[in-house]
Amino acid sequence: MTTTTTPRPSNGKATTPVQILLEAPWCKGCAICADLCAKNVFVMKNNLPMIVNLSACTRCMLCEMRCPDFALTVI
Amino acid sequence: MNYMNYLRKERMPLIWCTGCGNGIVLKSLLRAVERLGWDKNEIVMVSGIGCSSRTSGYVDFNTVHTTHGRALAFATGIKMARPELKVIVCSGDGDSTAIGGNHFIHTARRNIDLTLLVFNNNIYGMTGGQYSPTTPMGGWGSTAPYGNAESAFDICGLAAAAGASYVARGTVYHVMQLDKLIEGALLKKGFSIVEAITPCPTYFGRHNNQKTPVAMMNWQEENTVTAARAAKLPPEQLKGKIITGVLTDRDLPEYVEEYEKLVERLRAQDNLAR
Amino acid sequence: MSFHYEIRLSGSGGQGLVLAGHILAEAAALYDGNNATQSQSYGPEARGGASRSEVIISDGDIDYPKATHVDLMLALTQQACNKYVGDLRAGGILLVDANEVANLPHGDYKIYAAPIAQIAEQEVGKKVVTNMVALGLITELSQVVTTAAVEQALRKRVPKGTEEINLKAFHKGREAALKLQNHSFSSTGAENGALANEVEAPFSLE
Amino acid sequence: MKTLTPRTHMMAGNTACVEAALLAGVRFYAGYPITPSSEIAELMARRLPLLGGKFIQMEDEIASIAAIIGASLAGMKAMTATSGPGFSLMQENLGYACMTEVPCLIVNVQRGGPSTGLPTSPAQSDVMQARWGTHGDHPIIALAPSSVRETFDETIRGLNLSEKYRVPVILLLDEIVAHVNEKVTLPSTEEIEIIARTKPLEASEQYLPFAHTASGVPPMANIGEGYRYHVTGLAHDESGFPTGEAKKVDALIRRLHRKIDDHLDDIIQIKTEYLEGAELAVFAYGSTARSARRAVLMAREENIPVCLIRPVTLWPFPVEQLRGWAKQFSHVLVPEMNLGQMAHEVEHAVQSATKVVSLTRIDGEPIHPQQIFAKIKELAQR
Amino acid sequence: MKTLTPRTHMMAGNTACVEAALLAGVRFYAGYPITPSSEIAELMARRLPLLGGKFIQMEDEIASIAAIIGASLAGMKAMTATSGPGFSLMQENLGYACMTEVPCLIVNVQRGGPSTGLPTSPAQSDVMQARWGTHGDHPIIALAPSSVRETFDETIRGLNLSEKYRVPVILLLDEIVAHVNEKVTLPSTEEIEIIARTKPLEASEQYLPFAHTASGVPPMANIGEGYRYHVTGLAHDESGFPTGEAKKVDALIRRLHRKIDDHLDDIIQIKTEYLEGAELAVFAYGSTARSARRAVLMAREENIPVCLIRPVTLWPFPVEQLRGWAKQFSHVLVPEMNLGQMAHEVEHAVQSATKVVSLTRIDGEPIHPQQIFAKIKELAQR
Amino acid sequence: MNYMNYLRKERMPLIWCTGCGNGIVLKSLLRAVERLGWDKNEIVMVSGIGCSSRTSGYVDFNTVHTTHGRALAFATGIKMARPELKVIVCSGDGDSTAIGGNHFIHTARRNIDLTLLVFNNNIYGMTGGQYSPTTPMGGWGSTAPYGNAESAFDICGLAAAAGASYVARGTVYHVMQLDKLIEGALLKKGFSIVEAITPCPTYFGRHNNQKTPVAMMNWQEENTVTAARAAKLPPEQLKGKIITGVLTDRDLPEYVEEYEKLVERLRAQDNLAR
Amino acid sequence: MTTTTTPRPSNGKATTPVQILLEAPWCKGCAICADLCAKNVFVMKNNLPMIVNLSACTRCMLCEMRCPDFALTVI
Amino acid sequence: MSFHYEIRLSGSGGQGLVLAGHILAEAAALYDGNNATQSQSYGPEARGGASRSEVIISDGDIDYPKATHVDLMLALTQQACNKYVGDLRAGGILLVDANEVANLPHGDYKIYAAPIAQIAEQEVGKKVVTNMVALGLITELSQVVTTAAVEQALRKRVPKGTEEINLKAFHKGREAALKLQNHSFSSTGAENGALANEVEAPFSLE
């Protein structure tokens, strides 16, 4: 379980820090999370999404909702 | 939300291929169930045979994985026997409209209070990519190597013509909309169906010019129009487009209820006779 | 002298192992003039899990077409290695992708580890030809098919226009084998259980 | 004029089947009409709503058996009725019921076949189909009553066996038994034993819905009772989830058969008359057994030492019983309204300990006592 | 490197089936995909349009068999392929084809059952279903090849028998034979005999489409050839129109069986190895016969006098042949990937002239030569 | 016209009950065939099982009386095998929309060039009056002794939604109109269906307040509105009315033709390759 | 076979005489011909239509077309 | 003393012969305390042709429930008479509707002809009670059921509100029988074939 925590940048929206958790053994590397994130929060690396820009995350939840394998959790 | 509250964790990871959209539909369903606060003991998921029909194995409800095409008929028995149960049927385009087409139209006609989720990937995924009744004309299937010569069903149109109360179409790309459509279906009295357009990258995408799961998702984005917008667009702009949203929502007699009314009428007569 | 040689190619679906098996079997049967069978196994209802393709080569009749005393096994993934190594005979050859199979099985095997996928990606430039690299390795390590026969079968079987790149991969594999030939080893192995929770790779009918 | 008990009626087999089923607790019926079974559906449609039960006419026979399996999973005793063509259509889901161990009763009122055949004429030509109609190895119980009263009894027994062993049970009527009206005195409710499926005692977490229990029969929780388990027609392990592991698959399929094979004494019913000292036997079932009985009586009057063997349970087949008696007979005559389907099984069972003579009729007419009697006489003289 | 004839290929059983069918003149295929038969549909979809033939994927298996019967009535050689669940669904219309005497080929690539079972694993558990799956008395021909080459041959023979006797023929493959790729050298076209249905010679007015001919097989006019006759699944007379007259019904049903029973020599194929002097026999079919052969060879090396009996025709069952050989054996071992379906028939045939030992496997794994060999050794020591 | 030119006189009289409308539909069909001047040798009549399906026994065409519900699937095989044949399917409401519902919608979807005549008597006549998918809600059937609790199909609406080219409804009362509808159907390329409303006095009429054949005919007269007139009437005046006439008539890809186009395309490619 | 022939009255329409033929053994007496004829040409008698007013016949053919049993022919 | 008596009621569908059979059988079994079976036959797929209903009355077990040596046969139509008279035993009673059955069969039968339908229509006022008139005749001619038993069974079986008219018909039938009792005759018969082309009366499942 990869846990990445970072304080949210104060862009006027949410204030709690975003966390994105990856249940790596369940991830199949489809890249849906990475390629469809409007904020380019991830890049795919070794068939897994790697967080590269968490601060851009708007917590829109779409990556979680679209992850077909229950591998991504945005909290 | 914590999906794990509704899953059989020991059955994970999912059997489906990389980028298969089935999991996205499943998640959308679970969110709707969570919002409604339904008791897992009262939910029954019935499915047929197909990749999508494997859904029933993962959810922590009462689950019945039946025979190919027959899920609705099994579900009808369950619902009739215990009307207080919430019965959800998960099925593929093949399962529900090819071999299962008759149960599909008759369940709609009786308008029995079930919810059907059709995972429409326009192909028979499980058996290796044969064309289905929703494969577009000209499209590839392993049994349509030169392009499909058959016309496709409009699943939603068929359901409405057969008598369903609630008919909606969504895509896994438009996942927020899908959530609402499914919630609407679960809440509706009568037969409700949500056709969820979902990618099968392995067989459909690979051979139909949508090489990756992401390409398939993007295709959905580009080729759908909501019913609301469609109403305002000229027909030529709608050609080849998929119309999403609630397409039919009406109150029609529901079978179990009608049956119970009949029983009550008989009881009343009986009392009168005494 | 009569011989009977069993090869098992294992990995995950979509790695082209069925094609590799086909080529191997055709090389042996159609061009080397032996007998051969090729078969594969599927998971339930065609989805899920590790995948295997088996080739039996013999100069006599092949009655039972499933491998049971495997002479050479290829494992491109750890999961496949764990799942299928059981039938590898004592003294048999185990060829693994060095980058993928970290936990080697315990047993009386001649183990060869080569960075198979990496060779395909880096030396040939296309990861999809991993299967052909493996084919080259197997050709050399097994010595049951001739290089010429494999070349012919390969040309016939791969999609038109891809012959050269596939042949290149095949020969890269052969070269790798020649380097390895003196570098087999055995392993004390790791507990297989450790990997039970690992993701099942998706499988697709090829 | 005599006064009869209020339990004496003129009744047809189809009616008796319905009345018995309702008494045994059937509260769900799904079916698709077909001659000569339709009266069962019609009566159920009339009776069930009055008892708070459910009747539904499905779109075909495939849906009908699916619906009763669903209803049974949800805890209702459920049944359907059909005839040959519909029974053929039910085969796939019949196998599903075997594999998932769902109790239910399927009535096949046999008519002339194959295909549409002779829809209003009697036949007994689906007895092998009842055993082997669905694909894959599966156990089956099939019962073939000879009279209206026996139809009543076997309907109840069939439902009981179904619940006890978690198997679909097939009640094989024929057009004659189904349609003849005869005088029956029904048992009082106290005389009737009604069996319901065994429920699990353990908590949901411990529950193995397909446990390899000693009896072979796992307790069954109904949908909605909090057990939330998985039911699948795929090979599965004790927990109910799919498995491809050879050992577990083997254990499953063999247990399914063990459930039946270990309880033959409970399941098999075979009746005899004049067995003692008999040198000839007539083996007959269903309505043909009535003709056979008459023929045996006629022969007995001429002092021919012939007996009647009348299996009520056709499947599992009473191999041991027959094998035990076989040596005593010079011949076993097997009259049946088919081309010798059970004669073949008798022949298998007796293994040349006696000669089996098959008397067949497939023209839509019942076998007349005289026809059997003539054959008995001929055999007695051999 | 050797040079092989251009007729030598690596080929799987499913492919051989398609190639043979096309050679034998099949120009119509209707089917519904199911593992492990789907390659047959896929190949047909690729090949037929190129040959001016028709491929159609129907909505289910019921429609598939209906469509091929329709196409055959219209004069095309037609076939379908499926596996257990689909084969169960085809049963009603299979009976229709028997009753209306329409030639067609139905391939059942057997997989593990019952129900959805083990979709990708081999089994031989539909052999009894092939005989008895549809309702009513009906004759059937079923063939079970052991190798890819034999699949090729039996596909052609099956189509020939079908046309010759106006019957549906069932080709029972199993997952192993269907999917194994092996080296085959196909016969040259001159070596292949292809039979087409006999056409009527008489004028339309004289034509009796269901005549009780001496051979039992009436000549068949195709739709559109000017004969305008009636085809029905109801019992019918020689003219094809429905009848309930006992005599005519009897004549029809018995003729349907006579067609097969009078031509057993032509239909039954049973192969033996080492029969002479053998004291033990292994009776095996389909892919299990391959393991059996290996085991017999192993035993022969240890001088155990065992032979292999390998029926290629399963139905009609080779009763006479077996009965003839039985006395010579102390035991007949019957290994099969089911719970003893054919062992039962062998037991029936040999009638205690020899002991029948059933070796069963139903876990999705093929029976290994070693397993059979061990059993042979055990029996040899008894 | 002389109907005898198209009948098997030795099979007469008809098996049907007094006043059964099946014979009226049959006559209408024969008139249409005569007008078109079709060769009897080229006509195939396929039927299922039911009173109405007995039609095939009487006509001097190539006739195939198949199994219950499956006529369209058999007919599809015949048509595919020999596209030059004119294939007419006769079927009951039960045969074509209950057990045969799946073949009905798929034949419509493929839009294969067949004509289907549905003899809709709103009941299962042959087996003794059980309710059918077209028995009106509340109506009597021997399996609906207290009134039918199920909603009825709109056969024509279903056919159109599934993809048929030509959909029409007529009654045996309006026999001249029926002639035209059937002729239109026979002429149409693609799947054409005519729903003929026809009385079953024995089971439907007797128990549903239409005691005689004549009463049933008169009921038809009183309860039908042509599509043309219906277009001008307010909805409340159409309640409970049967709309007759051509309801759908459109040109859609026809399956056999599409298949043959595919074959030709392949041939062309093949020639090119040489 | 009952054949009734009469010259048509000259009402300005057809001039050839109308004939109505009944194949009595096929008639089942449903009365559709009689009761639906706008001109009351028939009455039912002994379960068969009996012509009582042939002169009124307009040769509309409806009775023939609606006779379910091929029993009536208007020529 | 043991007895076994077979009655066959024949006519065309819709004439209520199944009901008449039911009443006869119930009278014998439930009220006279004998055994009885009643059965009927249908044409193919439930439509078409002559119809028959059979009752067997015995003081012992009735094994074979179909009539084969008919003691008394009723024929309300010529077609039924032709089709079903074959099983009437020598010396058996044939009761026909005098207005319907013109061609009497050749044979050693005691034939009674009464205008059964006409009695129903004219003396009772409803043609539908023809079956009850026939029942009265049969009761008297056969002497195997008591009048009281038939009355009871009839009251139970006929639709509520129609008891009296049905009973009236029954008694009119009995009276007709008493008049007839000395008027049976035999016939030299007509060729059955003559009627082959006659219309088949429609049949409906009752």
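The first chain written gets the first letter, and so on, giving A, B, C, D, E, F, G and H; residue counts start at 1 in each chain.
The rule we apply is simple: contacts are C-beta pairs under 8 Å (C-beta built on N, C-alpha and C of every residue); 3 or more make two chains touch, one makes a residue touch a chain.
Keep in mind the model is a prediction, meaning the values are calculated, not measured.
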Min route length, chain touch network, chain D to chain F, equals 1
Relative to chain E, largest Cα-centroid distance belongs to chain G
Chain centres from averaged Cα atoms put chain G and chain H apart, in whole Å, by 37
Cα centroid separation, chain D vs chain G, in Å, comes to 57
Chain-centre distance (mean CA atoms) for chain B and chain G, in whole Å, is 58
Note: chain B residues in touch with at least two other chains are 13, 16-18, 20, 49, 67, 98-99, 101-102, 106, 126-128, 133, 146, 150, 259, 262, 266
Flagged in chain A as touching 2+ other chains are 25-26, 28
Residues of chain D that touch at least two other chains are 35, 49, 59-60, 62, 85, 92, 96, 115-116, 118-120, 232-235, 242, 244
Contacts from chain D onto chain H in the complex sit at residues 1-2, 4, 8-10, 35, 116, 118-120, 176, 179-183, 287, 290-291, 293-294, 297, 366, 368-370
Contacts from chain A onto chain B in the complex sit at residues 25-26, 28-32, 35-36, 62, 65-70
Within the complex, chain A is touched by chain B residues 3, 7, 12-14, 16-24, 27-28, 31, 172-173, 175-176, 201, 212-214, 217
Note: in the complex, chain E contacts chain F through residues 28, 30, 49-50, 52, 54, 56, 58-60, 62-64, 66-76, 78, 92-93, 96, 223-234, 241-242
Chain C residues touching chain E in their complex are 22, 25-26, 29-33, 35-46, 62-66, 68, 146, 148-149, 152
